[in-house]
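Below you'll find a set of structures to go through.
What follows is a pair of complexes built around chain A, which joins chain B in one and chain C in the other.
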Partner chain A sequence: MEMVTLTKGVPDFSEGAVSFDEDGHLERGETPTVMNPNDEHALKAALQTKIRHGGTASVMSMGPPGYKSVLKEAMESVYADELYLLSDREMAAADTWATAITLCTGLEKFEEEKGQKPDLVFAGFKTADGETGHTGPQTAWALGYPLLTHVISLDVYPEEGRIRAKRLVEGDVEEIETVESSLPAVVVVDPEFEPTYRKAAHRLKRKDLREETQKRAENPGDYATIWDHEDLDLDPDYIGLDGSPTIVEGVDPIPKAPSEREATVVTPEDGEGMQQVLEEIAPFAGGD
Partner chain B sequence: MALDPAEYTVDELRDELEEIDDPSALGEILDAERDGKDRKTAKGAIESRLDDVGGDVSDESEAADEAADSGPRAPSEETLEIEGLDHPTADKRHVRAVEDGVYQDMWVYCETQQGELIDVSREMLGKARDLMDRYNEDYDADEKVVAVVVGDDVADQAEEAIAYGADVAVYYEDERLERFLHVPYTRIFCDVARAADHPYGFRDDKPDYDWHGYDEPRYTMFPATNNGRDLSALVQGELDSGLASDCNDLYIEDVEISNPAKTGEPGTKTEFERVFHMKRPDFSGFEYSTILCLDKPEREFHPQGASVIPGSFEVPEADPEREGVVVEHDLELDDDWFRTDVIEWDQLEGGIDLSGHEVVVALGRGIGRDPTQGIELGLALVDALDDAALGLSRGVITASYNFEGHVEQYVAEERQIGESGQVVEPPLYIAAGISGAIQHKVGCDESDTIVAINTDADADIKDWSDYFVHGDLFEVLPMLTEALEEGELDVAALADGGIDDE
Partner chain C sequence: MSETVVEAGPEDEYEHYEALVVGSGPGGAAAAAALADRGIETLVLERGVEAGSKNVSGGLIYAEESAPYTIDDLFPDFREEATARPVDEYKIHNISGRTVKSIDLTDIHHHDTEWCDSVLRRHMDSWLAERVHERTRETGGGLLTDVRVNGLLRNDRGEIIGVTCDELDPITADLIVAADGVNSELARDAGLMDWEDPDEWFQGVKAVVDLPEGAIEERFGLDEDEGVAHLFSGDLFQGVRGGGFMYTNDDTLSIGTVFHLDSIVQQHAEPHELLDALLTHPLLADFVGEDYTELEYSAKLVPDSKKAAHPSPHQGRLVLVGDAGGQMQAQGPIIKGMNHAVTAGALAAEAFAEAKADGEPDAAGQRYERKLKESGTMKKLRPTRYEVLGRLGEVGPISAVTDALAGSVLGRAAVKVLPMKRLFNSPYLLGMLPDTRTPYVTLPVTIAEALGDEVVGESEVQPPDLGDRIGDLTYDVGDPHIQVEDNSWDASGTAVWSCPVSSMDYGGGCYRAEEVQTNGTTERVVSLDTQPCIECGTCAVVADTDWDHPSGGKGVEYKQG
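For the complex of A and B:
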């Protein structure tokens, strides 16, 4: 199996890391970049497939050269064999469609270099910064591959060239579907995805791979290929900001919720105050 | 032969070729590449070197290559022919914009589930009706709301779309479309949306509807559900345009833009008319962005598309007397569109329903100092209560916290409370470490009593809670749990551990 997982570096939104200016706007320069948390699930799906069926697991990202740290992070979690970074000033500030066109072209160059199509392209659902959920599907459309989204479990049948997946459907009620598709395909993995390793041999293989990768991750640059827009034969007018249909016109801090209740303020040391709070809660006490 | 191209990557090959000046040697390498790996970029590199040294490249094999490469991607060769371009770059195939296009109407994709329009479909129809009534007044126009319904046996749902505000409802039904499938649904939507003589249309025999006198829709709206959001991305991609996802406010206005990517020239301003303003909460609920999808001087980006968070707008009153045009669309389905197939499906029972409990204990980013312990403390309080459930703010879901052990299973979107999660109204709501952004407020504001615990004395939640414990949840939660279990409050235990109160 030839697999590529798409990943993105995003600002670290966890407590303490994220930095805002006085107007409440995100300060990107001050906020460290980490691998998009949702991509972890895509990487897990790729790793599960690699352990069960063998093959090459590559990671591809579009971003500034500093993203090498993100690729290293991805390498450690998927035990990736190869890293691909599409990196060029001309690609910067792309929206989802311009990103999808660039990633599609990167995957086609990957195909040319390898002499074969990736069997499976994995992507995570929504990035922590853009939060659109569009890039994976649009990349599939640009590639002309079948698309499976919101996937929570995955079985691959390499000999038959087919996959079977369970996916989540939303609406007025929640549904779960079993979907089959031919390969190659793009699989967008849901945060609910959990890999399963039922066989002991698979669990052992995973351990071996981990050790092997830890060595590689010491020098991720040795396994990285960087392509710019010329390598990919992309016209700067059609990628990055210039190729993007959408722009962000304004960013406003979210208005404060209007005040409708009058809070009684207490501190933990204030026995009387805490007693009042407890009296509100005590009627609901119980449990096992 | 000077070298075997199969032994090199394209980049290496380019370097090697610099050393070769003999056109016949380069010709041999080109033949070897065609017979071997047949990489397009490799052939391009050899050909360009041939050009440099004055060699000749035969045109026949070029044409053959193009035909072989056209593959399953919809419009192939013709999309390469963009005016003013001397060579087709890899990206141009995806450019499917029309020139000087005519765009009209607001199109709403009405998602159905188990044979019914889902609520958000009705909500969007009501919003689209309001927006277009106002639009027609502001711009002295007569543009329509067009509903699109796809599925198996959906004629009644198209009729219903009229009652909820559509002027035209187009439906397509086929038993193979009982469940949503990305490719056929996208193809059908785009086939209806494009003019019969659209340069990138899928076929020559599309019916020429008299209500559809334009190249592409002006605006599109989709539900921000799993399937609706996917469809929005694919339709807008196929139509070579853009969109904003997960919007909760929409309006149409003229706007002056100075962004050189859109005006074509730095330092100038251009007035864009009738622009769909798409507002969405983003950055994990900290900010609102307004997204615009705007034409460029040399490439038109229409329709302007949005997906809409369910529950953002009111479900309008149905008017069964409303008149409109209902159209059954005709299109032959291609077997190749069914490379994915739904083989079985089931309604998910259970899941996590946070409503209907006496108490909801909700945790926010205040747990960040020790996320695993924070969740444990919340669970302990839940356990000490008779009928309580654990909820989470969006911030916890989107943060890249590492949770250990069994705690991880509790951190899932299905426990999220707020605008894009569940709405709860229990008798008692305990919000620990939640700052109280408006998106969270709408998810719990109807609770009878709200107790907030926060170390920030100025947290927004203070303005909409009944009790505000100015303290650290890592101390206050165990204190409450213990008090419930012991039946009395031990304030003394906190004598040394309290936070600094400026």
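For the complex of A and C:
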């Protein structure tokens, strides 16, 4: 199996790491970049497939050269064999459409180098900064691969060139749908995805991979391939800011919603106050 | 046994390994290493997050001269890397109030001893597990943590063919080594061991105490590579049969108490209070002092091999090793468990390899039993002298006479004349010690009163209360793994005081007493919260429970052990 997981570096929005200016704008320079948290589920799905069926797990990202740390993080969680970084000034400030075009071209270049298509392309469910959830599906469209979204469990049948997935379909009620697809395919992995390893042999293999990767992750650069727009033979007009049809007119901070509730403090000693509390909550009390 | 999710249907093939070792303590590690060294494909399953995280021992591991295998035979750098200090000095303190008579037990300690080291189990067992994984991986197997084996897999003829697990699909094997500890679920599933009689068990409780660097050398008068063991018996434990110990580790002390479980039950003793009685005795003031810092509180059930060691610890493809088979030798001041587990594990491996070579792998169990006998291991665990004389001493009227005699004026006079040091150091005499008050309480008190000196000074040690001790043992236990089958006070009330993390006057422990009003009458019942459980198994013996371990990686996680 040839697997590629798409990942992105995003500002670390966790408490203590993230920094905003007075107007509520993110201070990029002050905020560290980390791997998009949702991508972890995609990486877990790729790792599960690699452990169950063997093959090569690669990670691909579009971003500045500083993304190598993100790729290292991805390498450690998917025990990745190869890292691909699509990196170029021309690619900067791309919207999801331009990003998908770039990633698609990266994957085509990957196919050219390897002599075969990736069997599975994994993506996470939306990024922590853009929150669109478009890039995975748009990449599938650009590649012309079948697309499976909200995947919570995955079985792969390599000999038959087929996958079967469970999807968490959210509507009025949550339901789980089982779907099948041919390979290659793009799988967008839901945060509810949990890998399962119910064979001792699989867990032992995971342990082996963890050990091997620890050594590899000391020099992730040795396993990284960087392609710019020339390597990918991409016209700068179709990528980056120039290639992005999305126009951002401005960004306004969302004003804080005024609280509609008021709090009254009642001490247990205040008999009258307590009586009032009891009367207030009486209608909500259940049972006999 | 808990239900197992089975992915593969019965028509599918189960995952198979030549040998499967359940539990990665010293017995399991020895078995696995010995199997791997013979080229046998071996899988080791350990339910802790790391080997050693579920394990507690007093803290001394022996290598016996007469043993066919010792741990450093199997793991060459063991003493340099996995143990704390060599223990070459051994003393017992006979205590009556503040009066203490100390007797040197170094002779008996060195009897048949190649070496003896103090250990902390988290470090020791995880060190072993790393090596076991490397060696078993080469055979196509390996070691996995976070996997709880919950029962035996049988074929339609009822024969044992493998195991079932919480986290994995069933696995079959030609040899199954149950090295899953004192509360072995496999031994119980096979019907080889039970939790019936409190008098077959001891309960050990231990505190690991932190000392400043260099304090051990200074306070005990030791060099960096020297260690000492102190034992304590007498009237400081409310008359409960048992005693205390203190062993030196690198920069910590292991201080604990071990009592006959039936005695704890009968005397309504609270294990943590008995430990505190030792910790706060003025005799220990010089060693622990006011800077008392307790790193960890722990407890464990200890099988009394004299009664509990299974003479025929196998069934079909299953063999029991170590505590799982009751192989824990505790006769008076001699406490040896880990060394016997190591011997048994390696003998089981040897038995399987030979049986396989002879084309009869199913005979491994019988060969293992024979090896336990021929190597003298079973005789150490179940000494004939005890069978003949010791049990006699436990008969009521005789016990009362010897006890009265030992405590009498005559007894006191006799103690003065008798060569106490020589008697205490006789392996022959210790082998037939009866499980009565006499050797544990009356005799030490008599010795102290007749020969002892008064300890000066006061203890400033303030042990943490039970709530703090439990609070430091933080863990996610998952779903309740113990059910109280009969919550009446008669059936299960004993658990409230016998459980080391419960107490009659503490509401935050596992077991609590509750008054229930029914039809105008008040009834006292027992309630259980498994959250603070440290999986010692005491309640499985003393109360009416359905007892299981938590799933892999869940439950108590010892950092010291």
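In the analysis below, the second predicted complex is superposed on the first by the 258 of 288 C-alpha atoms of A that agree within 3 Å, B and C clash if a C-alpha of one lies under 4 Å from a C-alpha of the other, contacts with A are read in each partner's own complex, and residues count from 1 in each chain.
Note that in this section contacts are C-beta pairs under 8 Å (C-beta built on N, C-alpha and C of every residue); 3 or more make two chains touch, one makes a residue touch a chain.
Remember, predicted model here, so these are calculated numbers, not experimental data.
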**First, second, both or neither for A:159, with chain B first and chain C second** = neither
**Request:** Identify the partner contact of A:201: answer first if only chain B is touched, second if only chain C is, both if each is, neither if none is.
**Result:** second
**Request:** Look at A:218 in the shared chain and tell me whether it touches chain B only, chain C only, both, or neither; answer first, second, both or neither.
**Result:** neither
**Asked** What is the shared patch of chain A, the residues that chain B and chain C both contact?
**Response** none
**Prompt:** Residues of chain A touching chain C in their complex?
**Reply:** 197-201, 203-204, 207-208
**Request:** Show which residues of chain A lie in contact with chain B when the two form their complex.
**Result:** 12-16, 20, 24-26, 34, 37, 95-97, 100-102, 104-105, 108-109, 112-113, 115, 128-134, 137-138, 140-144, 146-150, 164, 167-182, 185, 191-192, 231-235, 237-239, 241-271, 273-278, 280-282, 284-288
**Parts of chain C lying in touch with chain A, wherever the complex brings them together** = 5, 7, 15, 17, 43, 45, 133, 137, 141-142, 144, 147, 167-169, 171
